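Multiple structures follow.
Each of the two complexes below includes chain A, the first together with chain B, the second together with chain C.
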Partner chain A sequence: MMGTETELTDDIDQPLRDRLKAHPKPALLWGIGLCVLLLLEGPTYLDGLLGAIGYGLGVLPGAPGAEAFASASAFFGELPHLLSRELIPNRGYYDGSSWQGTFLGLEPKYAWLIRFLLVYVYVAVLLGWLWYGYVLFRRHYRAADWTPTDDVIDRLRSHYWGLFGLAVVVFFITMAVFAPVVGPTTAEENIQGPYSHEMQYFNEDTETVETITIGEANLGSASRGSGDSNVGIWSYDDFGRFHPVGTLVSGKDLFTFLAFGARVSLFIGLGSMAIAGFIATTLALVTAYYKGVTDLIVVLTSDSVQAMPALLLVILATVVFKNHWIAEIYNGAMLFILLFALIRWPGLWRAVRGPALQVGEQEWVDAAKSYGQRPTVIMRKHMAPYILGYLLVYASLTLGGVIISVSALSFLGLGITAPTPEWGRAINIGQQYIASQSWHISLIPGILITLVVTGFNALSDGIRDAIDPQSEGAEGGATGAAAGGGGG
Partner chain B sequence: MSESVIETTSHQTGETLLDVQDLKTYYEGGGLLGGDPVKAVDGVNFEISRGETFGLVGESGCGKTTLGRTLIQLETATSGTVSFDGTDITELSGDDLKEWRRNAQMVFQDPESSLNDRMTVGEIIREPLDVHDQGTASERREKVRTLLDQVGLMPEHYYRYPHQFSGGQRQRIGIARALALEPEFVVLDEPVSALDVSVQAQILNLLEDLQEEFGLTYLFIAHDLSVVRHICDRVGVMYLGNLMEVGPTEQLFQNPENPYTRALLSAIPEPDPTAQVDRITLPGSPPSPRDPPEGCPFATRCPVRIRPEDIEASDEVWDRIREFRDVIRERSRAEQSIGERLKERLGFDTALADSEEIVDEEFSDVDLPSDVRGHVEQAAAYLSDGEPDAARAYLREVFGSQCDTETPQYYDVGDRRMSFCHRHAQEHVSPGDELRQRGYDTHDG
Partner chain C sequence: MSRATYLLKRLVLSIPVIIFGTTVTFAIIRLGPLSPAAAILGPQGDARAIRQIEERLGLNDPLWEQYFNFMGDLFLFDLGQSWVVNSGTPAIDLIISYAPRTIWLGFWAVLIALGIGIPLGFYAGLNPNTFSDYFASFGGIVWRAMPNFWLAVILVTLLSQSEQLFGFSWTSFIVETNVVTSPNLAVLKNPTRLITDPGQAWTNLAKATKQILPPALVLGSASMGTEMRIGRTAVLETINSKYVETAKAKGVSPRVLVWKHIFRNALIPLVPVITAEAFILIGGSVLVETVFSINGIGLLFFRAAEQGDLPLVGTLMYLFILLIVGLNIVQDFAYTIIDPRVGYDG
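Entry: the complex of A and B
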């Protein structure tokens, strides 16, 4: 899909510029709208981007420039923006008559809910605006009045199961991207350094406002299944803190944990799929173009990779690399990306090999050879666009599997190390309380994993039916797989 | 022999553009074990003169498309030379090859598959120009618009996608792409066979007009003989990787010389349906190009194959012998399956049981002369011993002739015509006479 878009623009860039000049108004208005939307949240994006670069540099030996990026990131982090806890604070204390410190003096629960919803409204508006931009482009600026991509998009638009998947995926990605704002508290305060942050609360016994470290407060808000030591779904703890889905055994906020856990899962899932997808596509194109010995070598390699017991390999690698610097990056997430890319590329390659061989047989490939087009260009321009769709389908299916695997490893205590939150670990922690009143610790992350994996599967169904309308009607299988996979 | 052709060729310019000498294109057998190569083109000789349309006909699988693809270097020749304007293009590589490619282009058979659906028509036609860096971007766009006009499309089709066009229009786009680099030589690989009959004529006319306008030389590959007759100046008839006959279209159609050409042409329906004709229907199917017959490629199916002089038998018996040899031949080709091998190891009879059956089936209702019966039984004995190869060799030994052992040469059979058949030699009866003798209808009456 994207391939067509770029080809189109780079081929006829001159006419596009002319068309923009001839009729600039819609584009200009749209551009202004986009700027406003981006500026509202500009500091967050810059903070995130620079922070990630700084973090990346920090891992390198000598950490060149990491400081500068970190401080720049911190600078942007301080700037006011729309979706921030400073603008809509949800934490405060009840002084006996009213809430202090919360947004408009509302109850923390509503203050949090407003911020949470605002995040999703913002994302919805942003995506809607981008879609509107595409519509404008189609209507006013695109030289072609019809492209094959239009049909694909139209089919996807009427594919409700696929749209459901898309919605779930967007929900999940938003949660991951805006993790610091959607949670009722932050990872820094609540998870990483609870004893270095303080908070105020209203002590009902003494009827005074007291200060306490968050760590101590957490001791009092723990969910341990028995007695009154439980903070369940949609409730306050003794310190006036609101927990949308309850607390962990340690008394930490589960929602915040889950939001940051989404980040890790998504990071590993997308990262490993990007690498595996790149390897798979490259190999599929090369083998479909050259065939023969090349194909044979790749078949043998992928077979041997697939013959390895994947889980054992991952476990082994986590142990071997325990103190290696790669394992330090993002508490092991980077290591998992590499491992899952290594394990999963043969599957993806197999999935796109057929389409690649098929497109390699097309006469337009011969035509391109006959006027002397370079092999790399033939692969990129005449073959790749036809297999990217299939790659997307299988990558999003596989991505669900990766998320489950990571959770499973964390569940076994081998995955992402504490303190970085990971859903599987929450399931593990809460496992022994599943029959008690603290059932939420295991169940909520379990449901989320199921939902997310189903979402990715549904999206992949939608894409498949959109790019290949003949294959419709295989929904049952994918849903079944998702349901089966959700148990992890 | 071919030299004489060069001197007399073409009513148009008389100059040879393309000279093909003993060209062979083999595909390596697939799979790990290699196996025999597919001999798609197995030694052909011919020339094409500048400005003419040379037709290449034959059943599907005879290697005509591979030959066409080899001529524009889409396939690598195994041996032989293709000299284009004096340069042997099979030797070219790298930049020289790329530079040469602009001289020779191809129009493909299937308009559905020959255009990349994800590109606009403009991009498709422009790509060859981009590859060869011709002019500035806007000059190229201009050139594409001119080409669109020349092939009968609209300049505003530039930004349309192939999906929005009919088969005929798509083929026009393919033609425009082939002409973008202003080649001298264009291979037309069954350019109209995928189109509606009503559209075929339009495309053929377009091709003829373009040829006139740009002085193009065509190699026209087809299986539709009437189209070939309509558009080609000269024709080559291919069978199993070999050119059986080459000659000017009209003469070849009216007065075919080679037995295979005669068989091929007799498949065309007669204009007069009441005329009682005994068509030459070819028995069996073409042999595998992995294992073509020694001697003449047509020997396994030829209705006028030369028979050994020392065996007297009726036509019917010879027919049965041919069928029997076909069966044995297939036997020796077929790889034993693992199951069969296992059975053999375990002592089950695999071959014996059916070797008698085969003989029975073939010969039970005819009277075999005793010498023939003796040979057949000997072959059956080899077969029962599980040695189909020996049986095959034996049969070739006793029933074979020059046709089975010697590759024919090209005989000059009249005005710039060549035919690939032993029967044109002095000592044999000519194919036409022999056909009549064996009771077939012949075109030349």
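Entry: the complex of A and C
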């Protein structure tokens, strides 16, 4: 390795900063574009970030500084930005001749649709811009003309099934991240405290504009199957509110419920996979490097964890920790993150153990050892990059399983508690109305879960075929086990 | 290593696995924030009653003593009693009365999954890249991603209202049954009645089978998708292997080729899937039994957990761990018989 480097021209040895200095124009333009994109939505990001920190501090004993973060978050929340319901309001009332209070006086459904689409256009542009940045880097600033990663990316780009998965995952994540904006109404008004918020509507009988609490209005927009009380897909209720996928039995807006439910699912899925992935990677590297007794201990531990019935263990833990402070954080989402991390790491570890053992046998690891590099550095720099792709494949699969498990538990009435929305609870609520005109309550969340889980599975297939084109289908057994685990 | 020593080694290695799982259960139940005595009595329990139950469960003993008592009792199959769900009944009696329905459900779930998943997968593998292959593969993928409780809920609705929806009444199809109910398995406990009292007994058996089919279909759905997918790849891989080509060149008829050379080898990778199914069944039975209200072990576990019957929960957990470990050993052993190439060292 050392030999080849000295033979090449010297600009390979230049650090990235010098290469940028030598030819700054594309990078500068791209940077300006990125800043514009981020500034359009800057207040939202800061609001969310500071709010999360404030919430995290609030959980700690004494809540140091939580208030400061909360007020800073509120300050940014007030600032104007592109994707906000203040800029494109979709709620108003029809005064007999035109719509009042909505965006450009449009019908609420078009106003909502514009905002909804704008969110997705924004995300698409942002992702496209990031991709363009990568292309620029490849063209102007990367020292090597070609790296193996290029092939991986090219394979993924022509893997339509994987791209479909990626699109679904991006759709889902956007819905979760921009939950307060994509819904036709907000969680605070419609789900958490409907009786402490008011709205105006046009009473056709008296032909006057009247004020009503949202809770009372919800009573009139309930979907209960029979007779008049149903607000189905793509329709208005009696108060001029638009419901893209109808309302719940309680009259609350289902789309808003789903968007915030996506947030909870995503939070639990990503959180538990991050922790489980970290445990799995660390153990895989350590066992592949040291082998012997360490390996045996981890094998036995992971076998033991896998011998426990996962879903039943989670049910038991949810019951036992019901009134514990840890179950209070985000209505039990934190407890789920820890539980699923502890239960799912063996699966991930088994998936990356093979690749880790393989890379441990490589000459470059031997070479690094003989140069006297520290084991931690060898594992991190020379082994970890090789197994991360495999980790991603299985984490994506397992994440789908976690989403199903969480919704299954809230279907049973365990875990995420009302009023925090969870998709499984909507399925439970709408159970008896499936055959009636209010079928949307149960069916739409179920279809969404199926779609999202299929998306994560497809993405996982795509990444697997991209990093390891020979492997196609060969390890279907592991795939099945990971997805099946979520079948519960 | 001979097969017997291999089996012995697997048995010895399973001991720490069982101990670990049982210890975790003990830790959650006895060290968790919810005391078993408080759970049994609920929030209204008065202090004296709590003390009494604590005394009877031995909760005031030193922790290590509690631990050894707990483990010892379970390992000697002294399974304790239920405190809330069916107060005072020995756990073993409860399990004996609840288990048959779960086994019946699991039996049909495995059978349906095998009966549909494998043939479909093999068919797709024998006709790769045709429309029916894509259809079956895509169906398998979506089918696998469906949450099974959702599927169960939909199936219950469709079947119980099939008359209005499709003009075909599932409830009066062949024999009169309800959709959401426990199957009556009395006839299986006394199989001689099939001969002595054929009219009644066969009707009962038909009823029990018909009632179990929808939940079994749901429970087997995830594995069905997996089996299909793996069956397809296995067939594709076998078809392209050299010995199949040799057989073809030798002039083996297509039928013999498919049945003798391809199918039998393609079945090997399906073994772990079939046993892995058992784990899914254990978790999934809780959901499916709840939706179809089948009085099985899964529902018993859920009720026990929900009502705070922690001693019973611990016992059931221990039995599930034993079941899973046992199935794992059976699977590895079956593997060595079916595929002699699998080493005993693994």
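We take it that the second predicted complex is superposed on the first by the 457 of 488 C-alpha atoms of A that agree within 3 Å, B and C clash if a C-alpha of one lies under 4 Å from a C-alpha of the other, contacts with A are read in each partner's own complex, and residues count from 1 in each chain.
Here is the rule we go by: a residue touches a chain if its C-beta (ideal position, glycine included) is under 8 Å from a C-beta of that chain, and two chains touch if they have at least 3 such contacts.
Note that the structure is a prediction, hence the values are computed from the model and not measured.
By the touch criterion stated above, A:H382 is placed in contact with chain B alone, chain C being left untouched.
Touch criterion met: A:Q362 reaches chain B, while chain C stays clear of it. Taking chain A as the reference chain, the count of touched residues is higher for C when chain B and chain C are set side by side.
In the overlay built on the shared chain, the residue A:T301 is in contact with chain C alone; chain B does not reach it. Looking at the shared chain after the overlay, A:P148 reaches chain B, while chain C stays out of its contact range. Once the two complexes are overlaid on the shared chain, A:Q373 sits against chain B while remaining clear of chain C. Residue ranges of chain A in contact with chain B, taken from their complex: 3-4, 7-8, 11-12, 14, 143-148, 292, 296, 362-364, 366-374, 381-382, 385-386. Across the complex, chain B meets chain A through its residues 28, 32, 69, 72-74, 97-98, 101-102, 104-106, 108-110, 113-120, 122-123, 126-128, 131-132, 137-138, 158-161, 163-164, 174, 177, 180-181. Across the interface of their complex, chain C is touched by residues 300-301, 303-305, 307-313, 315-317, 319-324, 400, 404, 407-408, 411-412, 414, 424, 427, 431, 434-435, 442-443, 445-446, 449-451, 453-454, 457-458, 473-474, 476-477, 479-481, 483-488 of chain A. Here chain C touches chain A in the complex through residues 13, 16-18, 20-21, 24-25, 28-29, 32-34, 39, 141-142, 144-150, 153-154, 157-158, 161, 164-165, 221-223, 226, 229-230, 233, 236-237, 269, 272-273, 276-277, 279-280, 282-284, 286-287, 290, 301-302, 305-306, 308, 310, 313, 316-317, 320-321, 324-325, 328, going by the rule given at the top.
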